[in-house]
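Following are the structures in question.
Paired with chain B in one complex and with chain C in the other, chain A is shared by the two complexes that follow.
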Partner chain A sequence: MSGSEPLGTEKIYFREAIARAMREAMREDPRIFVMGQDVGAFGGSYREFDGLFAEFGAARVRDMPVAEAAMVGIGVGAAAAGYRPLVSITYMDFMMLGFDPLINYGAKLRYKTGGQLTAPVVVKTTAGAKGQGVAHSQCIEAWLMSVPGLRVVAPSTAADAYGLLKAALREDGPVVFVDHKRLFPIAGAVPLAETTLPIGRAAICRSGTDLTITTHSYMTRVAMEAASLLQSEGLSVEVIDLRTLAPLDIETIVSSVKTTGALLTLEEGQVTCGVGVEVIARVHERLGLIPAARVGALPAPISSNPVLEPACLPDASRVVVAARNLLKNRIC
Partner chain B sequence: MLIRGFETALARRPDHGFQLLSSGEEAVAVGLCAALRDQDQLLTGGRSIGPALARGLDPKRVMAELLGKISGTNRGKGGRGHLADPAAGFFGAHAVVGGNISIAAGVALSMQMSGTNGVAVILFGDGAFGAGALHEVLNIAASWRLPLLFVCNNNQLSVSTPRSTALAPKNLSDIGLAFGMPSWTVDGMDVEMVASAAQRAVEGVRAGNGPGFLEFVSWRFASHSTTARETRSRAELEEIRGRCPIARQAEALMAAGLMDEREHVSLKHEVADAVAAALAFADESGYPDPDEVLVDVW
Partner chain C sequence: MFYKISVPPVADVEEIRVLEWHGDVGHRFNAGDLVVELETHKAIIEVRAGQPGVLRKILSDAGNWQQIGLPLGLMSDEESEALPDAAESIVDLAVDFEIN
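Showing the complex of A and B:
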């Protein structure tokens, strides 16, 4: 694309990274198929399934009626019976309709059958706000972190989306793959070689010594922006992209906080019972009461109103203010 | 007879927690399973003891499972409402009402995609009939012509709520017609009628005609669960128990000269022995080690 990407990589959009991961995985494993609304010739609401229908046909790229509960249930059932479906739920808000088969059946299947059956299904869904209002904008991945038997990944880059999706399709139990509306049109360098990225490993996106920020998905970009702003104030911030929320890579986080001595968590969802609460609690269990703070959406529904949506969501300036306050308190 | 004897013995145990019994509904389980082959998979709601035994699961391992023992079909972890033995053609029970319907469609899809000649059968109660999952799956199964047979065991009561106050269709099988499926409502207290209806429906699905819908009208002899209050009067229950499908079949066989009293008594002894062996097996088995709590989570 630009010609400036690192050797052995190609620069592609996040949505293209998803399509590439699916294409490679489907060529390699005939048990993998896609089901969801508008995934066929349309190529997905964000064109993240572009080209799959043409290559693999209607039997492996299945358009579905608007029936999320049945979609997830059929995916989980086909997985239990030996296939490896990816079920696409257009917006994460609608996952609530599919929670019963995913949580009550899929996540518990291996356990409740004493290991006789498992459900290797990937539920891919799109979180995040982009002007679509109160029922099309939510980030509810924290709700899923407490479900035993469920993996949750939420990448922030094209390369991680590619590698984690391929890894998710090889897992032996259910994985929720969370992408983000505002990440789809962002390009990044993805290895040309066919690879996977292990689930359960965070990435240190930027090294620093004064403060650790943990985050995931689109908010990683906000954290990086905030870290640059704080750098100009003389504060050195380490940014950790969690990438996988369940299981959490607590070792990477603890190791960072041991160095920096302060922890700020950032997420686009609610802070109450959010991802940050879990990160802080686990760090406190390991390191004692180090200074910590949470940044997330305000406790309100996310309106499509052009003033109210940004007013609700975390941005770099809010992260900067929270970081300053946290570090000021520590020094006092 | 085995199902009745098994459930009666289980219900007498002080240590069974609570159970979802299907006494009175044996003809549905037995007649339906008579129509299934090895390559077929049966999925059910929580009221699953009868269907599991009728499908041929080992009564010893079923009893052990229901009493929480490690030698159970599910290593004691599923318990009531979650019996499973997919190798025996019983993909499993699932105790969320209506929750197994979409799963069964997934199993049917896997059979369709892999080109096996199998049929997936989902057995659910009238309690699940009102659930949205059924209506979503009916549509998809019909559109995709899945090898899936919907079987509604209409035992008239969703815990305490009579079917007549909760569900609108005159016959519950009418809903299948709206999706273009062959659909039948059949007396679920007559095992021969159940078996012939099931045979016809299963073979239609197996032939590639797409899904079918069967409603069996049955009567539950006991309350919803062994700890739930009975809402019907003593007189009403006595009348219902008079419709016993097992007695009805025994009388029919004897009247037709296909079974004599000696054979009937011998069958009763066989059942008593099998139930006693199941209980003995379960009692000799241990509970899971507490460390088992974290095994097979992922």
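Showing the complex of A and C:
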């Protein structure tokens, strides 16, 4: 609309991309409904469900009490009964309350019933730090990657959020859709045509020859910033946005690392048993001991203190230092 | 004298979308009048004239995007003043803005 977007796209806020995906999917499939805190007339905690209540009404856009275990439980049950619910958990930290129905029942239902039942539920939740302290800031998506039967997506752009949410709502098993508080103020170009984006495909956001950085969600922006800084030092960095964490698009990662010969992983969550560990292990299984390093949050709770919060989180300068050290060791 | 109406500073936001201009080019605003409404990811920002002036040029129409701090339009004290060539050297209009 301002004339700078690619042809055939519209520039919209991240939250509007989510609302658009929901609106199109709900028009197409009457089995889809939304439930969560403030999803109704309020339009969602981040206004990401704006307009849905007015169009689809209270039966399909259901406000719920602060009861995450019940919400996920009802979602999994309704999915087993033939609906396609999207359960909205405002803070990813509180998804922990819904792990029993999601992990013990939803993710295993198809296996347990020999394929007679499935649980096509999407649990949409918001991760990331934004001044809200120890229990409203965590990125625990790595915890979910080890659950057989669960798919986990974590987009970094409005277009990917739109396409992956549409795809998630068509899946036959549970999908956890992770967005990020610091992505909501950002706008991006989204295709005007109704589309979906297949789950399980990473994106190469920047091509390079010296180092591969894999990352996801908000940290993709940090990786891109670090890659620009490293370029000015003469280092060429390839940035891969994983987009889907389970299943991992290992082929895209391996093919990049084959070219660059070094791998740095970046995530906002903890590095211990994090996304990066899994990426590095799988690359090592395929290519042998390629030089690799991880960057993530420091091993401390995320404070709401405006000095301590950024001190704990990865930023471009930490990525640059880690990249320099990694490549220095390789040359030695 | 000419003045710029620029996108006011909003925490966390890099750019905003213009929602609605509350007057066409040539419209005279009094201090306190609503000039333009802007939309962030979660709020509407009402930009009000902090001094009287005539809207002379709209640089960013409704539906367009603009970066924080960059100009949306030009105002002048008098309608008869000739439009300047470049917007860069023009001072910012005194505005009040309210984030709803």
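In this section, the second predicted complex is superposed on the first by the 331 of 332 C-alpha atoms of A that agree within 3 Å, B and C clash if a C-alpha of one lies under 4 Å from a C-alpha of the other, contacts with A are read in each partner's own complex, and residues count from 1 in each chain.
Just so it is clear, contacts are C-beta pairs under 8 Å (C-beta built on N, C-alpha and C of every residue); 3 or more make two chains touch, one makes a residue touch a chain.
Note that this is a predicted model, so its numbers are computed, not measured.
Regarding the shared-chain residue A:A70, is it in contact with chain B (first), chain C (second), both, or neither?
first
After lining up the shared chain so the two structures overlap, which partner does A:Y105 touch, if you call chain B first and chain C second: first, second, both or neither?
A:Y105 contacts chain B only, not chain C.
With both structures placed on chain A, which of the two partners, chain B or chain C, ends up touching more residues of chain A?
Answer, by number of touched residues of chain A: B.
Between chain B (first) and chain C (second), which does A:F184 come into contact with in this model arrangement: first, second, both, or neither?
So A:F184 only meets chain C here.
Between chain B and chain C, whom does A:L211 touch in the aligned arrangement: first, second, both, or neither?
A:L211: touches no partner chain.
Considering only touches as defined above, state whether A:R15 meets chain B (first), chain C (second), both or neither.
In the superposition, A:R15 contacts chain C only.
Should A:G173 be classified as contacting the first partner (chain B), the second (chain C), both, or neither?
Touch status of A:G173: first partner only.
Should A:R47 be classified as contacting the first partner (chain B), the second (chain C), both, or neither?
second
Of the two partner chains, chain B (first) and chain C (second), which one does A:Q116 touch, if any: first, second, both, or neither?
In the superposed model, A:Q116 contacts chain B only, not chain C.
Would you mind listing the overlap between the chain B footprint and the chain C footprint on chain A?
Shared contact residues on chain A (touching chain B in one complex, chain C in the other): none at all.
Per the contact definition, I'd like the list of chain C residues that touch chain A in the complex.
12-15, 17, 40-42, 60, 63-66
For chain A, which residues count as touching chain B in their complex?
Counting only chain A, the residues touching chain B are 33, 59, 64-65, 67, 69-70, 72-83, 100-101, 104-105, 110-117, 148-149, 151, 173.
Quick one: which bits of chain B touch chain A in the complex? Just the residue numbers, please.
41, 72-78, 82, 84-87, 91-92, 94, 96, 99-107, 109-111, 113-114, 132-133, 136-137, 139-140, 143, 295-298
Which chain A residues qualify as touching chain C in the complex?
On the chain A side, the touching residues are 1-3, 11, 13-15, 46-47, 182, 184-187.
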